[in-house]
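In the two assemblies presented below, chain A is common to both, partnered first by chain B and then by chain C.
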Partner chain A sequence: MNSVETQAPGGVIIKTVTGSLTGKLIMLAVFVILAILPFVLPDKFWIRQVNQIMIYALLAMSLDVLLGYTGLLSFMHNAYLGIGAYITGLFLIHVAPESLWLAMAVGAVCTTLIALPVGWVQVRTGGLAFALLTLAFGMMFYTVAWKWYDVTGGDDGLMGLPQPDITLFGLKLASSGDSTAMYMFTLAILVMCFLFTWRVIHSPLGAVLEAIRENEQRAAFVGINVRAYKLIGWMLACGLAGIAGSVYILFRGYTGPGVMGAFEGAGVLMMVLLGGMGTLWGPLIGAAIFIIMKDQLSSFTEDWEIFVGIIVILLVLFLPRGVAGLPDLFRRGKAE
Partner chain B sequence: MSQATLLTTKDLSKHFDGVMAVNLVNLEVTDQEVHSIIGPNGAGKTTLINVITGLLAASEGSVTYQGQDITTKPVHERVRLGICRTFQITSIFMGLTVYENVRIAAQSHLGGSLRIMSPRGGLKRVNAKTEQILERVGLTHVAGRQAELLAHGDQRVLEVAISLASEPQVLLLDEPAAGMSPAETDQMSELIAALGTEMAVLLVEHDMEVVMAISQRITVLHQGGVIARGTPEEIASDQQVREAYLGGDDWAVLTA
Partner chain C sequence: MGFIATTVDIILNSLVLGGVLLIVSVGLNIIYGLNRVMNLAHGSLYALGAFAGYTIVAVGANYFIALLLAPIVVGVVGLVIERILIRPMRQRHMIYTLILTYGLMFVMDGLLKYFWGVETRFIHLPEFMRQTVSLGPVSYPVFRLVILIGIAAVVAALMLLLGRTRLGINMRAASDIPEMVSSCGINVRGVQISAFVLGCMLAGTAGVLAGPLFTVFPDMGHEMLISSFVVVVIGGLGSLRGAIVAALLVGFVQTLAEFFITDLAMVMVYMLMALILVFKPLGILGEGKFE
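And now, the complex of A and B:
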């Protein structure tokens, strides 16, 4: 964890975790490397692989807003990626095949609106009940995607997706069907969402969410409307997941109900835990580790889930704070 | 000097599966006064505070605050109105620094929680309030320390500081000196006495020396009901109180 000491106006030393300069430089370097990658990597397979990682990195980061900052467990956050994907896809197919940005906006806004009543019910419960409700609602959304054949294409999924041009202020940049263009588009969205979420988390609103995570009862007793702020955190997380969904369907040109399944949801949770929750950047790394691990293992064995499970168990036991906790290990080593 | 009654309870009751934890309690909490609630273990003191602050719903009766019925208001709204509390078991934000603990309370009270484009330390009035309170309770020197790493006594003080950041008009303290050393207890009772000149303080405390020294008014609870009320002198000579405490060590202090 990056911590930095700052001097408050009253001469008080405050230790904050807003990220040190080193941390910010590392993030910048990572994003720059990601931007150069498609031009040095000759293999389209790897470009698409990293592209997929970036989409799940965005989803994992959005889950971290709930898990790491608000202290809420969502078992099926991928359901909101799915909802964003289906809505964006349906909009492109049936309404405006050429309007990429509009489809993205519709996807994000509709996902957030669908998340509103769900969240409204969920925040009326706490702890385990909240987590179980996320599972219940997730299962319902999955079933809708799977069974509502006329709209979603059921088992076959949503096919025949148009590939709109990526435009900026009316200027055509490239087709979203081009893998390098799609990669750069995904990176741009990821960076924008990361910076926005970073800003929000390090604002007074983020302090409120952290207070709820730390001690819900005390939060209420300093006058915080806990339910209202949990709902804000929930909708922020679902909106970001919806954006990830929009990028997902543009990237794949297709979505099926499988992406909304409970097994996938557990995968997203693992990404956050592997990377280290409550850091925003940890889950980005967690997504990379999880997807690479899954792909490597599944090329050796069909029972890759067993090995993913074992690795996750080991990491949870020996590195409970995920990759983000690694610097602490070294720091402790130095101190002793 | 006529002081205003800020909070009243009328026939306030709380039942748990037929057990009368709080039974028909009528209470008047007056501004600028330390009002102590005493009674043997299980007398219903904490339950009474829980019902007044909204942590538990009342079974019967009502709570009125400045003429407004607040019996069914949620916790955070009561805090907004000026009713704040501390807990018998320390309830602070353990993972945050001392400064952040007080700041979140000040921020919640003064506003600015939705200014997402501002940094956390960018709310000037909130910072000023935070520093003022830390200075007052004497925690400035540990402002940057994580609350979890504080000594127990300092954690108790921090909880009072958090409550003060909401600028309470009625402050309910549930055994604030629990587990404190004699020196820390002295400091805490000094602080409570001072607060009692600025706001209404409703104090639950087992340390009879503290209660007798700083209270202007005492209400005695026994088996959920009020058995006596009066000034410290009146309570010390009350026959019923003597019986309720019979055999208890507390009584020795009362009569000493």
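And now, the complex of A and C:
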């Protein structure tokens, strides 16, 4: 661990810890393995499985920006994945069936814009009310997706999605219908978003967010506009979730309101907890563990809900720092 | 139905809905006010109350006996939850308690489905409650009136408890300055635990009262939990009077919205909440007014 002093906006000197070398190495290894994986995996099923894991990893990472770095809890971050997916899908269906990048950009930007007024209301209240409001607004978006039949297709979801080609500077690379191509596309987006978020988190802006997490009052005393920075953190997290959503709908070719439900939201929260919040790479691993575990468990029990709950409770009680906290646990022999 | 009849109908319905919301939210606020724990499993406790009431009636007891017994069942469950799960969390950051009770909510909902199944249940009411009574121009179901009276009785009992008994006075004091109360030789931890149990019992009571209104099903707690958050945030976290005002307001707006636009009624309620929070970020009466 090395620590540097950074100049935060407003002329405040804040000491921050840059990412540990271990974290960087783990991430590099993970991404290399992920790039090799589609050529090693036996069949399409597993490629799609890992693809899904990567999409949720992106979502979990975006929640970590909020939970681990800004100290704000969002119970239904998946709602913003849903919004991104619906908007991208609607754009592809009704406006431009061929332009993948434009659709993704529209999805991400619109999600951020929808998150703006919601976040503005949320940051005006305290930390606890913020968390309660994420649940209320999340349920509101879920209700809209579920009941606004004319636009969202209600229970049936958004269907008849075109499969645009993956292009780069006008060059056609592959069809998004091909599972290996989609896999590589998802991986590329994940790596880009990860590097972007990593950069932001280790910039002065990230230091300000961490200052708010550590002590909101003191952060305000040194001249940080707490509400404005909370809102920035919120919108960053929601924008990333929106990108995850647009990849999600390209990958699935379909989306329904179910993806925005409260239970899915708990899953995302659990991915972050499992991996360890405030590490950025932890949630990526958490997402993998969670999705594999969910598949295994749901193959022999129908009461998956109970197990999710029990695991969440056990994690909070005994392993609050997740997988990322394991090395410390062994080193010091205690949890915190 | 004439205009007056509709108006009376809407007013009575919003009082019933607001009343149920009120009991749930006040329970949530009593727990928060003394324990600084926002219990996300509160909606599941409410559902548990409804199912306990259903079973007690199905076994052959009277609805009113269920109204007395079910809250006790929920209270015992609440005590167990406090002892096992909430106690180790008292020294930790609030976020952990939120996530923990969120997990608890899924466990409880899953258990409800496991024991009672997913189908919708109907609490069997005594004969006289299944009739309608004419109030001037409008004929109104008797059971709704009984529930309204039940809500009023619960609120009155709660006011007596908080205002007149030693436990209630201790609770109000401990919500304000626990250290001071503790140094007076009062067992603050005991007061906090009884507040937790009281809050759970209120959720259970609301469940039994709401059972005949909205029918009984495992996920009934979700909607109630979200609605009670809205109430608690609008009224101010931990503020009892705020919760009462906000519950009646939300009940009224939701009933009106359901009457006119049906499907997206809850969206109207969220809009109302957003609007109030723009002007009063800490709620109508501000945070933490435990009175």
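In this section, the second predicted complex is superposed on the first by the 312 of 336 C-alpha atoms of A that agree within 3 Å, B and C clash if a C-alpha of one lies under 4 Å from a C-alpha of the other, contacts with A are read in each partner's own complex, and residues count from 1 in each chain.
The definition used in the following text is that a residue touches a chain if its C-beta (ideal position, glycine included) is under 8 Å from a C-beta of that chain, and two chains touch if they have at least 3 such contacts.
Because the structure is a prediction, the values reported are computed rather than measured.
Contacts of A:309 after superposition on the shared chain: chain C is touched, whereas chain B is not. Using the contact criterion defined above for the overlaid structures, shared-chain residue A:129 touches chain C, although it does not reach chain B. When the shared chain is aligned, chain C comes close enough to touch A:75, but chain B does not. Of the two partner chains placed by the overlay, only chain C lies in contact with A:144; chain B stays clear of it. Of the two partner chains placed by superposition, A:40 touches none, neither chain B nor chain C. Of the two partner chains placed around the shared chain by superposition, neither chain B nor chain C is touched by A:21. Across the two superposed structures, the residue set of chain A contacted by chain B and also by chain C is empty. Interface residues of chain B facing chain A in the complex, by the touch rule stated above, are 53, 55, 74-76, 79-80, 84-85, 91-97, 99-100, 103-105, 107-109, 112-124, 126-128, 131, 134, 140, 143-146, 162-163, 165-166.
Across the complex, chain C is touched by residues 67, 71, 73, 75, 117, 121, 124-129, 131-133, 135-137, 139-140, 143-144, 147-148, 262-263, 266, 269, 273, 303, 305-306, 308-313, 316-317, 320 of chain A. Against chain B, in their complex, chain A makes its touches with residues 5-6, 8-10, 12-16, 18, 199-200, 202-208, 210-211, 213-215, 217-226, 229.
For chain C in complex with chain A, the residues that touch the partner chain are 38, 85, 88-89, 92, 94-96, 98-100, 102-111, 113-114, 222, 226, 229-230, 232-233, 237, 263-264, 266-267, 270, 273-274, 277-278, 281-282, 287.
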